[in-house]
Each structure stands twice: as C-alpha cells, then as structure tokens.
C-alpha cells in the first residue's frame, strides 16, 4: 500500500529513538520539544497559488528533514508508523 | 437519491471498522486519532480562485483516501452513512 | 412580500420534520447534527472577487439542498419560516 | 443635518415595533433574534478593492432591507434614532 | 506644533460635551455608546493597496465626522485634547 | 555599534520624561496611555507587497514621531535605551 | 551535519551569556525580554509571493542579528545549541 499525499503535504518516517514520557504525563521540559529528524517517503504535487498556478515543493523524496515534535498526523501504513505533515512544518533539510 | 457536493467538497464513504468509545466518553488515546480510510463517491466542481477562475479537484470519484477521524459532516443518504468534507481535509490518496 | 438576498446569500425553505429537543436543552447527540434538507426559494447575484468581478452562484432557485442544522438566520416572511444563508453553508445539491 | 456614510456603510431607519425585553435582561429566545426591517436613508460610495477600484453598493436609498437585530451602531440625528451599518450586515432587500 | 498623521489615519477634535461616568465605573447603558461628533484637523496621505498604489482618503480636513465613542487614541498637543484614528473608524460625514 | 532595522521596522529614541508607575503596578488611568514622542534613529528598507515589490517607508531618519506607549521592543545599544517598532505603530509625524 | 533552512527561515547561533531564571520560574521583569544577539549560520532560499515568485531574504550568512528572546525553535546540531527562526522574527542587523 502506498499513500500519495495531497497538495503541499508529505509523508515522513521518523528517525532515531523518541523518548516518550512514561505514563502519559506531559513534562514541560524544553529539551523534550526539540525538533525531530525524519526521512521523506513521499511528497505532494505542490500548493496552488491564489490564481491557480501549481508551485512544487522544495522538499523531495529521500530528504532527511527536521520538524517540530508535534507536527503532522500519525498514520499507520502496512504496520509502519508514519507522519503526514505540510511542507510548512518542515524546519530544514539535513545535509550530511 | 444523489448528492452533488458544492465547490471543493466531496462525499466519502468510510471503509473499515471504526472503533467507537462505548459510552460516548472521549478517550485521549493518540491511537484513536489515526486517520481513517474512505472511498470517494462524488466530488464538487472545484474551488474558485480570488479572480473567479475554477480550479478542479485533485481527488476524483473512486479514489481511496485518508482523512482525519473528525473531518467532515455526517450525512445519511438512502440509509447509508456518508461524509461530506472539503478536499483540504483529505490527507492523501491510497494507491494499492 | 418577496426577499431578494444580497451577494452570495440565498433563501431556503426547510423540508421534512425537524426534531426539536423538547424543553430547549441541547442534547449532544451527533445524530441531531445531521444536515437538513431545504428548497432554494431565491438566490443573490453572487460574490464579488477581490478585483470587483461578479461570480454567480452554483445553486439556483428550485434546487433541493443539504445544509448544516445551525446554518443561516431564521426569517419569517408572510407567516412562513424561511432561512437566509450564504452559499458556502450549502453542503450539496440533492439530485433525485 | 444629514450624514453621508463612508465606504460600504449605509444609514437605516428601523420599521415596525421592536419588542424589547423589559428590565434589560437578555432572553435567550430564538424568536427575539429574527431579522428586523428597515428603510435605507443613505448609502456610502462603495468599497475599494485591493487594487483601489471602487465597487458601488447593491443597496440604494429607499430600499426596504432585512438585517440582524444586533447589526450596526445606533445614531441619533435630529432626534431620530437611526442605524449605521455595513452593507454586509444586510441580509436581503424586501420587494413588495 | 502640528502632527501629520501617517497613512489612513486622521486627527479629530471632539465637538460637544462628553458625558463621563463619574467615578470611572463603566455603565452598560447603550445610550452611552452612541457615536460622537468631531472636526477633522489633519488627514494622512492614504492607504497603500497590496501592490503599492496609494489610495487617498475620503475624509478631508474640515469635515465634521461621526465616530464610535471608543475609537482612536487620545493625544494632547499644545494643551489640546485630540484623537488620532484610522479612517475606517469614521462612521459618516455630517453635512449640515 | 549600529542597528539596521529590517523591512518596515524603525529604531526610535524616546524624548521627554516617561512617568513610570512606582512599584510596577499597572494603573488603569487613560492619561497614562497617551502616545509618546520619539526621534527616529534608523529606518528599514520598506515592506514587500504581495508580488514582491518594495515599498519604502513614509517615516525617515530624524523625524519626530508619536507612538503608543506600549509599541515596539526595547533594545539597549551601547548603553542607550532605544525602541524597535514597525512603521504601522507610528501614529503621526510631529512638525514644529 | 549541516541544516538547510526552508523558505524564509534561518539558523542563528546565540552570542553572549543568556541569564536564565534559576528554578524555572518566569520572572516578569521587562529587562529579561530584551532582544538577544546572534550570528546567522544559514539562510533559506526565501519566501514565495502569492503568485509563486521567490523573494530572497534580506539577512545573509554571517550577519549579526537581534531577535526576541522567545523567537524560534531550539535545535541541537552536532552538540551545538542553535535556533531556527523566520526572517520576520529578526528585529535588525547589527553593524559594528
């Protein structure tokens, strides 16, 4: 199964271990709100301008990206936990 | 009876079993907010740009789509439970 | 007496029996928020774009429409209970 | 004394008797929120579009109009109670 | 000392006696919210449209205007209490 | 050290003595909210319109300006207390 | 590892010692909200106008900038604490 994100959305697979607060209590520790790293799995065709022109995305499949911890919506596809978010939620692209 | 959705709206038929919280209490479990799958039954003609141009939708009849659990408005047509939502509520198109 | 709605507004006459909560208490039952059916009695000339162009409405007199239960403003004209709403409050047109 | 309303504003004189809640207590009765009837006394020159073009109003002096009970600002001119409101507050024009 | 208001702002001198609530307590009496009369002392050059064009104001120096009681900012210039407000706060021009 | 403000921002040096509420308690006295006078020390290059054109500011270095008491952000540059604000926070230019 | 910020975002490295409130209690002292100084490490390609044109940033790599204390998102890259913010959060460029 494959998902094609609409418009300026993209699908991201989280990278690295995500420390979760055991017991579900939100811990107001700024360190926990640090951006997370992910791999772009699929991108939408882009955003329409006010007069209908299509503007492609800057982020492309395979990019490693940084995004806010609470960005996007969780999706489980074929047993894999992914995220669908808008390109505007991406803070930057990681170049190694 | 058939409904023709207006503008950038579409009619979606839910697919799969929807786990409901028995007793109507909202359970703050992130797993319950995972997107849902649906089949597009009808689409509107599109959205008007600021200068009146009509931009057709990316989603078309027959598409299998992902959308947020609380997206759209429930409609009962000929005894069938459907959803009317805007294309912007669609997260992605499922390609199998 | 006749009302000519302004801009993108239209006048709708409700169809079907409307279940009201006896005693005026709001019952948080999702079934009560299902869209309602109505007949379009009159439509405005349309909406102006940002540069002043007039865009006519998609809905026309005589259309049977679906709209949210709480859409629009109630008007009593010649003893008849009608609704004035914007076209954007119309979810879809019913084709039988 | 005469008032020339600015832009998309107009001056309206209420028609008909207005039921007021004796004692000033707001009674949450939907019947009390039904639109009111008025006579347009004066209209502004219109609204400017984003690029400075002037779009005249659809409502003109002498029109009988429907408007929400709480629309506009009360003005007392030469002892007469009038209302200054924007054209967007007008729900429709009454044609008899 | 003279003030040149910027953009779509204007300087207004109140006319007539202003009833103040003695003791500073706000009295929720609608009569107290009736518009006030003023004389326009100075006007700005106008508002820029989205593409940078300058649109002059409709109100000019010497106009007698109506404005909401709580519109604008009080300024004391050379011992005189004046008001700086935006043209959009002006309800109408008084023609006698 | 010199600061070059970005876009439609400007740097202002307060003129005149500023009455402060001793003890840090906010006194809800309208007289305390009267605009303040300042000298423009530096101005940005201007604001971009929606299609990318640059519109220069109306306020220029050396202008004496009026602004709201709580406008802008305090900056301490070389021991001097200055303010960085947007041109839109300037109420008017003082001409003596 | 290098981060390429998207659109109108930039990466800033704080300069100077940052006084933190020991114990995590927020101290409502205006002196604590004074802008902070930083060095621009990387800039995005710019912002898209409504019709899709790309407008480059005014701030460039190597600029020393002033920004609000609470602007941006903290990122830790290769053990170094950096900030990703939008150009609009930059108050001015420091020229020495």
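Labels A, B, C, D, E, F and G are assigned to the chains in the order they are written; within every chain, residues are numbered from 1.
Note that in this section a residue touches a chain if its C-beta (ideal position, glycine included) is under 8 Å from a C-beta of that chain, and two chains touch if they have at least 3 such contacts.
Owing to the predicted nature of the structure, the values given are computational and were not obtained by experimental measurement.
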Check your understanding: For the sequence-identical pair subunit C and subunit G, what is the superposition rotation angle on Cα atoms, to the nearest 5 degrees?
Key -> 155
Revision key, fill the gap. The distance between the C-alpha centres of subunit A and subunit D, rounded to whole Å, is 49
**Study point:** Between subunit C and subunit E, centroid-to-centroid distance (C-alpha), Å
**Key:** 39
Check your understanding: subunit A: which residues touch two or more other chains?
Key -> 50-51
Exercise for review: Indicate which of the five shapes (line, ring, star, complete, other) describes how the chains touch one another.
Suggested key: ring
Check your understanding: Round the ring, from subunit F on through subunit G, what is the full list of chains in order?
Key -> F, G, A, B, C, D, E
Point to revise | subunit E to subunit D touching residues, read off their complex | key: 30, 33-35, 49-51, 53, 55, 58-59, 66, 68, 87-88, 90-96
Study note, to complete from the structure: Within the complex, subunit E is touched by subunit D residues 1-7, 9, 11, 42, 44-45, 48, 50-52, 73-76, 84
